[in-house]
Every structure is written in C-alpha cells, then in structure tokens.
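Below: one structure, written as structure tokens.
By written order: A, B, C and D. Residues from 1 in each chain.
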Amino acid sequence: MSYFSDIYNGIKTLLTGMKVTGGYFLKSRKGAITQQYPDNRDTLKMFDRFRGEVIMPHDENNEHTCTGCQKCEIACPNGSIEIIWDRGIDEETGKKKKKIDKFVYHLSLCTMCGLCIDACPTDAIKWGQNFENSVYDRTKLTRVLNKPGSKVRAGVED
Amino acid sequence: MTNEALQQLITSWVPEIECTEEGSQFLTITVVPAKLHDLMRKLKETPETHFDYLFCLTGVDWGQALGVVYHLESTIHRHNIVVKVQTEDREHPTIDTVSDIWATAEFHEREVYDFFGIQFNNHPNMKRIFMTEEWEGYPLRKDYEDEINMIIK
Amino acid sequence: MNVPLSITKTIHEWLFSAMNPSVASGVEMVLIALVYLTIFAVLGLFLVLLERRVAAWFQLRVGPNRVGYQGLLQTMADALKLVSKELTGTDRADKFLYNLAPYFVIISALMALAVIPFSREFQAFDINIGIFFLIAVSSIGVIGILLGGWSSNNKFALIGAMRSGVQTISYELSVGLSLLTMILLTGSLQLSEIIEVQKEGWLIAQGHIPAIIAFMIYMIAGTAETNRAPFDMVEAESELGAGFHTEYSGMKFAYFFLAEFINMFLIAAIATTVFFGGWLSPFGITESLPWLGVFWFLMKTFVLVFLMMWFRWTFPRLRVDQLLTLEWKYLLPINLVNIVLMALLVWGNLTLKF
Amino acid sequence: METVIANNNFKSEEYFINMGPQHPATHGVLRLLLTIDGEIIKKVEPDLGYIHRSIEKMCERDSYQQIVHLTDRMDYLSANINNEAVCLAVENALELEIPDRVKVIRTIIGELTRISSHCLWWGVMGMDVGALTTYFYGFRDREMINDIMEETCGARLTMNYNVPGGLMYDIHPNFVNRVKAFITHFKTKIPEYDRLLTDNVIFQKRTQGVGILSKEDAISFGASGPVGRGSGYSCDVRKHHPYSALDRVKFNECLETAGDTFARYKVRIAELWESLSIIEQLIDNIPEGEHRVATNAVIKLPKGEFYQRVETARGELGVYIISTGTKNPYRLKFRSPGFSNLSLLNHITVGGKIGDLVATMATLDLVIPDIDR
C-alpha cells in the first residue's frame, strides 16, 4: 500500500509547490521585485551613507577644508589617494605652510573601505552617492578632487 | 582537563618538550620534529586528552627556522592545546604528516607546502594546492621576492 | 472521404480549377511548406517569448519588455543576434554529423506539425494513422540530439546525449501507451476522426477516471519526452553546463532551441486533440462559426503549454536513476493497468456521453 | 591536462572530466577533476587557486585597521562576521573594553548577515537541483537585508563596518524599524520555503541518503558550521566560545543526525529561525552608549599570539595573529571554514552520480574566495 500512498503524497507535495509559485504568478503585476534601472533614474535615490565614490565638497567661495595632512593617504590600504603638496607662504602670517596642490583619487584602485574618510580630521572628504562610474577609458577614473583655484577655508587648520 | 594537568601528562610522555602559557590564551608546547607524530597520535588517542579536532594548522616562517603550529581541541573535554614544531633546514624542510590522524590536515599541509615549502613525510598527495605546479619559490616565506607582483609599503 | 492535402477547400479548388492538376498540386505543396515554415518560426519565437514572460511572472520579475510593445519583438531580436553570430565548433568534431544534427531535430518537429488539426479545414496531412505517425516521428528528434552530443567531441555533451537516449526510449512507452488508452475509446488513429468522436463529449470526460489517469501520465511522459524540467537531464545546466548543445552556437543552437519549444507545443497539441476535443468549442457554443476552431485549439493548447511551464518553474530536477525509476516502476505498470481498466470501461459501455 | 591524465591510473571504463573553473554548479572558479565511470563518480579532486589573492601575505604589510577590509573579500557572504573576527582578535589583544552597545549591534548585524547568506544559499540550492524559481525568492528576502545594511553600513556586500574598537558609524535611525519589518516579513516566508522546496518529493528524493558524512569523519575532516551539525557534531562556536553579545541570548544549536545532504539542508533552515529569534531578543534593547572606543591611530599589538574563533554562516572562522609588537602582524592566518569543508568533498561524493555531486556541493555551501583567500 505504501506504493500508492507514496504516489498520493508525492503528488500532494508537488501541488503544494505549484500553489506557491501559482500564487506569485497571479500577483505578479504588482509583485515584481526587480527595478527598471535606467528608466527609474529620476526617482532612484541612494541612501545617504552609500559609498559610491570619494568626493571633496567645496563651498561657494571655492574653498575646501583639506589641509594636506595626508592621514587619508596613510590610511588607504590600496594607494588610491595621492596628495601632491607644496609649501606656500601664507598671506596673513607670512609663514611657510603646507598646502595641497593636487588631491589625486584613483577610483580604479578604491575598494570603498571608508578608512580615509574615517581618518580625515577636518571632514574634507566625504562619500558621494553617485554610482554610475563606468567610463570607456580607465584614465578617466583618476580624478583630481580639489577644484582648480580652490584653497583651504580659513581657520580650518586651527 | 586543566592546563597544568595537561602539561604534566604530556611531559610524562615526552620529557624534552617546552611548555609555555605566555603570550597566548592556550597552553603551547614545542616539540622536535622527530617526536611530533608519536605525540600527536597520543594526544588524539589517549582518552584523557582526546584531541580529536584539529581546527587550525598554520605554517610560520620564523626567520631562522620554518615551523608549523597545530591548534587542537577536544570535542568531549573542550580543552585546547597548541603544538609547535620547527625545523632549521630551510633548503629541504621536512616534518611528519599528521593527515593520517586528522583527515583535515591533508589539505592544510598541502597549503603549508605550497606557501612555505615544508615537505610532509608520508603525505598521500604532496603537491601544490593553490599555486601552479611550475611556480618557483614559496610566497609566504619572509625572504620571498617577486619584483613584479609584490608591492612593499 | 478526406482530401489528403488541404489548407482550405477554397484555395485547393481554386488552384485545381486554374491550372492543370500536376502543377496545381506542386504549387499547393510549396504553399503549404511556406505556411508551415512561417507557423514554425512565428510559433517558436512566440513560445520562447511566452516562456520568458511566464518565467518572469513566476519569479517576481518583469521579463523582456523593452523591444517592441511589451517586449513582443524581443525574441525576434534574439533570433537576429543568433543569425549574425559566428558558428563555432570544436576541434576534431565529426563535422558532418555535427552539422546534420540540428536538421534532424527540426525536421522531425516540422513533420509532426503537419498532421496536427488546427481546425476542421486547417490540417496539412490528415493521414489515417495519425497518432501512430506522430509517435513515430517525434522520436526521430532524439537521433538528432544523440548525434549532436556524440559529434561535438565534448564529454558533457556526450553525457547529455546519452541521458537523452535513455530518457526518450523509456518515456516513449508511456506516451504511446497513454495515447493507446484513449484510442480504445475512439477506435481510430486518424486525428480528424478522433475529434469527430468527441462531439459527444471530450474524451477526458467520456473516459472519466482512466482518461484522467492517462492524461496525467501523458503530461508527465510528454514533459520528459521534450526534455523539459523537471526532466531536463539532457541539459541540466547545473550538472552539465548546457548538455548536448554545449558546443553549438548561432543558428545551429537556435534550431535546437526552437525545436524544443515546438516539441512542447506538439505535446500540448496532441493532448488537446486526444483529450480535450481539439478545435471543438466547449459544449458546442460556437459550432456555427467553424473558423473559431483555430482559436479554441490554440487556447486549449496554450493552457497545456502554460501547465508545462508551471512545472518547469516550480519543480527541482530528478536524478537520472530516479527518472528511470519513475518510468519503469510507476508510470508503466499504472499505464498497463489503466489500459485494462479502459478496455473494461468500453466493453461495459460505461463511458459518459452527452 | 596530459599530466593529470597520466597521474590518474585510469581503468578502461573510466574517463576524466573537468568540472569548472567555469561551471554553473561550482559557484565561482572552483575546478573539480572528476574521474567518472558512466554517471558514477570514482574520484573528485579539487584544483584550487584560481582567485587566490594571497590575503595572508597582504596582511603582513597592512595595519590592523586595513586588514579588516580585506576580510570582506574572503567569505563575502559573511563579510560582517569576518570583520568582527579580526576586530575581536585585535581588541582582545589590546584588552580594550568594548561598550555593550557595540556588542549588541555586532551580534544583530552578524545574525542578519547569516540570514542573508542562508537566503542566498537556499536560492542557489534550489537552482542546483533544478528549481530555478527559488533563486529569486531567496534574493527577494536577501534584498531587504541588503537594504538594511546599505542604509547603516553604506555598502551591500563588502561593508567594512567594524573597526578595531567598535563600529565605524552608529546605526542609522531607521535600523530598528527596518529590522523589525524584516522579521515580520521573513516569518511568513520561511514556511513558504518549506512548501516550495523542503517538502517537495523530488527534492527529498534528490537529497536524502546522498553525501552521507558520519560524525567521526566530520570531526576528523574539521567540518564546521551546518556541515558538521548536519552530522550531529556539536560545533557551534557561538555556543562553545560565545563572543560579542551571544552569551546573553538564548538559542538552540540546530543538530541533525542523518549526516546526509537533506540533514545539512534542514540545519540551515532551522538556523534561519534561530537567527531570527536571536535578533528578536536583542533588537528591542540595544543599550545606549558610545559606538566606538578611541584607539591609537597606529595600533600596535603586544608581542604574542592571539586566536579568535567566530561562527560565520559557513562554519568556524579562525583568525590567528602572531605579533612581534610592531604595527603589522608578523603572521596572520585565516582558518577558513570553506577550505576544511571542501576537503571532505571527495570522501562523501564517491560512488554517487553527477547529480548527487551537485546537490552535495550545494549543501557544503562553498564560497570560493573563502577557500582561495
């Protein structure tokens, strides 16, 4: 008799499984879990903490807060950050002091670990939420984060 | 079994071992390669010790010597021990295999051979596991050099 | 009684009145060939699209919806892509057999399509051994699969092909026997006759219990016959990569792919014809409009096709030995008993007729 | 290729086949050298190293903060638990007092990671035995966890959320509500998993009595995680060596005794329930406090050896640090669960069919970067 009860139970479990998928089939119109990606670009908003790329915010006077202390460069495990700096003469005090010439960020080397932003004492660099980073030429992934002509905001170094 | 009792028992088997608890949360014993296999078999088979679970097998390059570190646990008594073995010969280091005692050692010893070049006697399948057969050198040794692929900060 | 070759009587009569008989039948054959090739291509592409959409709906996805309205041209685009692709092959493959294999599969599917009665008039070849012809032709396809797997010079393909051989030989029996059960009711192998009989009620209702059992066996065996999940041992992508067509690319792959879907349609179409009254409308509601037969036929077939898709997207795959156990220990004995049951039913005149 | 064949000493009926490195069932770049007689497997020999990145060597030149992010790339499905392992090892070595808040959050995130890993495993398990739809249902539930992770940690897969001394940021204000919503959602979905796959007669026939591993062999082969527990071997590190907040929650160790593929499957499904219960116990009373203890910018461990064991979704992960007192470890060894679990593959699949091998491999739940560190 187990022969027939096997068949009966087997078919029953198969139908239970079909009921599960069938239920989703009927609800499929509103149940899709996938996103229509390039179409929903306008409404797609990433979370604030999302790690897309490292950016350096500049204010309206084209000033940033990077003092060129190089803590991020040391913290980076992959060498994605290179700071090219120089000693310039400060206009107010007349002393020589360190200032950045170029803040070079290699997105192609970056693993988005967040150690540089964690290490930055002046919050000069932040996470940007842009994730569409594909380019045809990989040299475009090497970016200079400080804008041309920008300088350190006064008072940051204190 | 407490660490002291373990230490006493093991010293009664093999008098010439060094025991220490310093700098580690486990009881650590160091044994010469010649005595390793006997000691390991005893550790596994004696009912009081019953170290049946080899949970980590690590190769270490100590500079002068090459060594292997075995982390053992007993699934019944739940006590741990660390066994260390070293060999000074950097050209042809050989140590007895323990893969006949713990089957898991077979893969781990191949890994150690691959990265440190320590040959395990009586191992059933002593060949490289991660690297290609024709790879030269043993990458995890401290004196390994690869000018192309290694970046030294 | 029947005109052996007729798409519709009007075209047939017009052709024969316009030219002499030998030319007319030649033109008619060409016409039929063109029509069926078109049906084959359109149906194949549509079924692929349907499968992808249905699969997506089962899996909480959207499915192809970019090319054309609601993605209707997606498979067309895929076909174009496949046409433009390079035909690769393996070294030391048996080139002749390798190139021949897809045609075996596709021709057997086309031949079977010819005898399917889409409606009263729309049937290319109403042969009097219809069912027998279908069973015979549908098993030619497996030769193509065997050849493809063997000649590819790839071990995965070979395993797939051998599994296919084992599977088709076994499940052929169940397909045949379950149809045989129904033939006890109709007393004819000719497909148009089988549908004629069902004017008194579809065979699944006429033969009630044994007919339902036969239908279930037929659907299981039919799914296995077309190498679809849960019986897709032949492809078994998690075991064999792509099975017998691992080494095929471009259009040759597309032939296998299309033929698989046409075979699925055929299995459903035979089930419709034999169990569900073919092009007959339910309870004769549209008997006055015979051209609606095509609609009813396709509707019933697609319901069955959908059922097979539902199987595919729900069940895990069987193992090769379990596949054989199912056939030889379960389906075949039940089938044999079922035939006796059906014979008793017919003998005792216990069929339900309306 | 030729040498492989020459070394194998074939009998005349046997043949050799390469499964991988690009094969759908090997879940990555694992290559298996199979010796087959018809459909019967005679020998399975894994060939590893296709994505070996020598993380252990890289650790020897990295600072302890930097090591943490490398562990994301080992078993990427339990990234948070891997991070936690390194952080715990470093914190224990420094004898840092970690705030309760950090401990609780770490445990919650660890269990969420476990659930998400098991969700993915469940989907892939179904796919390996041929039920393709399970994959998407598993991913649907995993997606909710990914969103939680992304909101709090900033990334979906390689989070690097733990740092030695605590957490990189505090949890996001939405975290608690989202986790609660997930728990209610997921409690209705596990029974559905059962209806769709666990109870399915084909699935049961495919998995029962296949790939049997005895308890003695499990211990000897160093099996851990669900693989060991499916053989009745009590090996849950969370029970035997509790870390973070695991000593203050009640949970059962899920044990099965059959040791076959289905037993391992059932252990994982049961673990989903246990992880949910652990999260439920903790989510309502996350203590207030600091999310991070200040450490030196350059962490120097004292001279000595430190070993930390944690239970990832795949089994026991060990981090063994030998320190000479500098800012880099002298030697750092990861005892990865996948490597030991893989070593028993040959032992339990010989004599089965190709289909059995695939089903067995699915329940070993191998993640290749974990093996190829």
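Basically, a contact is a pair of C-beta atoms (placed from the backbone, for glycine too) under 8 Å apart; a residue touches a chain by one contact, two chains touch by 3 or more.
What you are looking at is a predicted structure, and each value in this text was computed from that prediction instead of being measured.
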item: Contact distance in steps, from chain A to chain B; value: 2
item: Distance-maximising chain from chain A - centres being C-alpha averages; value: C
item: Distance between the centres, which are taken as Cα means, of chain C and chain B, whole angstrom; value: 63
item: Chain C and chain D: spacing of chain centres that average the CA atoms, whole Å; value: 45
item: Whole-Å separation of chain centres (CA-atom averages), chain B against chain D; value: 25
item: Multi-chain contact sites of chain D, meaning residues that touch two or more partners; value: 133, 136, 140, 196-197, 200, 202
item: Of all residues in chain A, the ones touching two or more other chains; value: 14, 17, 20-21, 33
item: Contacts with 2+ other chains: residues of chain B; value: none
item: Complete list of chain pairs which touch one another; value: A-C, A-D, B-D, C-D
item: Residues of chain B defined as touching chain D within the complex; value: 22-26, 28, 52-56, 58, 60-61, 69, 71, 75, 78, 82, 102-104, 106-108, 111, 115, 129-133, 139-140, 152-153
item: Residues on chain A engaged by chain D in the complex (per definition of touch); value: 9-10, 13-14, 16-17, 19-21, 33, 46-47, 49-51, 71, 75, 77, 111-115, 118-119, 127
item: Chain A partner contacts - residues on chain D that touch it in the complex; value: 62, 65-66, 68-70, 72, 133, 136, 139-140, 143, 150-155, 158, 160, 163, 168-169, 172, 192, 195-197, 199-202, 297
item: Contacting residues of chain C [partner chain D, same complex]; value: 55, 58-61, 155-156, 159, 229-230, 232, 236-241, 313-322
item: Residues on chain D engaged by chain B in the complex (per definition of touch); value: 3, 48-49, 52, 54, 56-57, 61, 217, 219-222, 224, 233-235, 240, 302-307, 309, 316, 318, 320, 322, 331, 333, 335, 339-340, 342-344, 347, 372
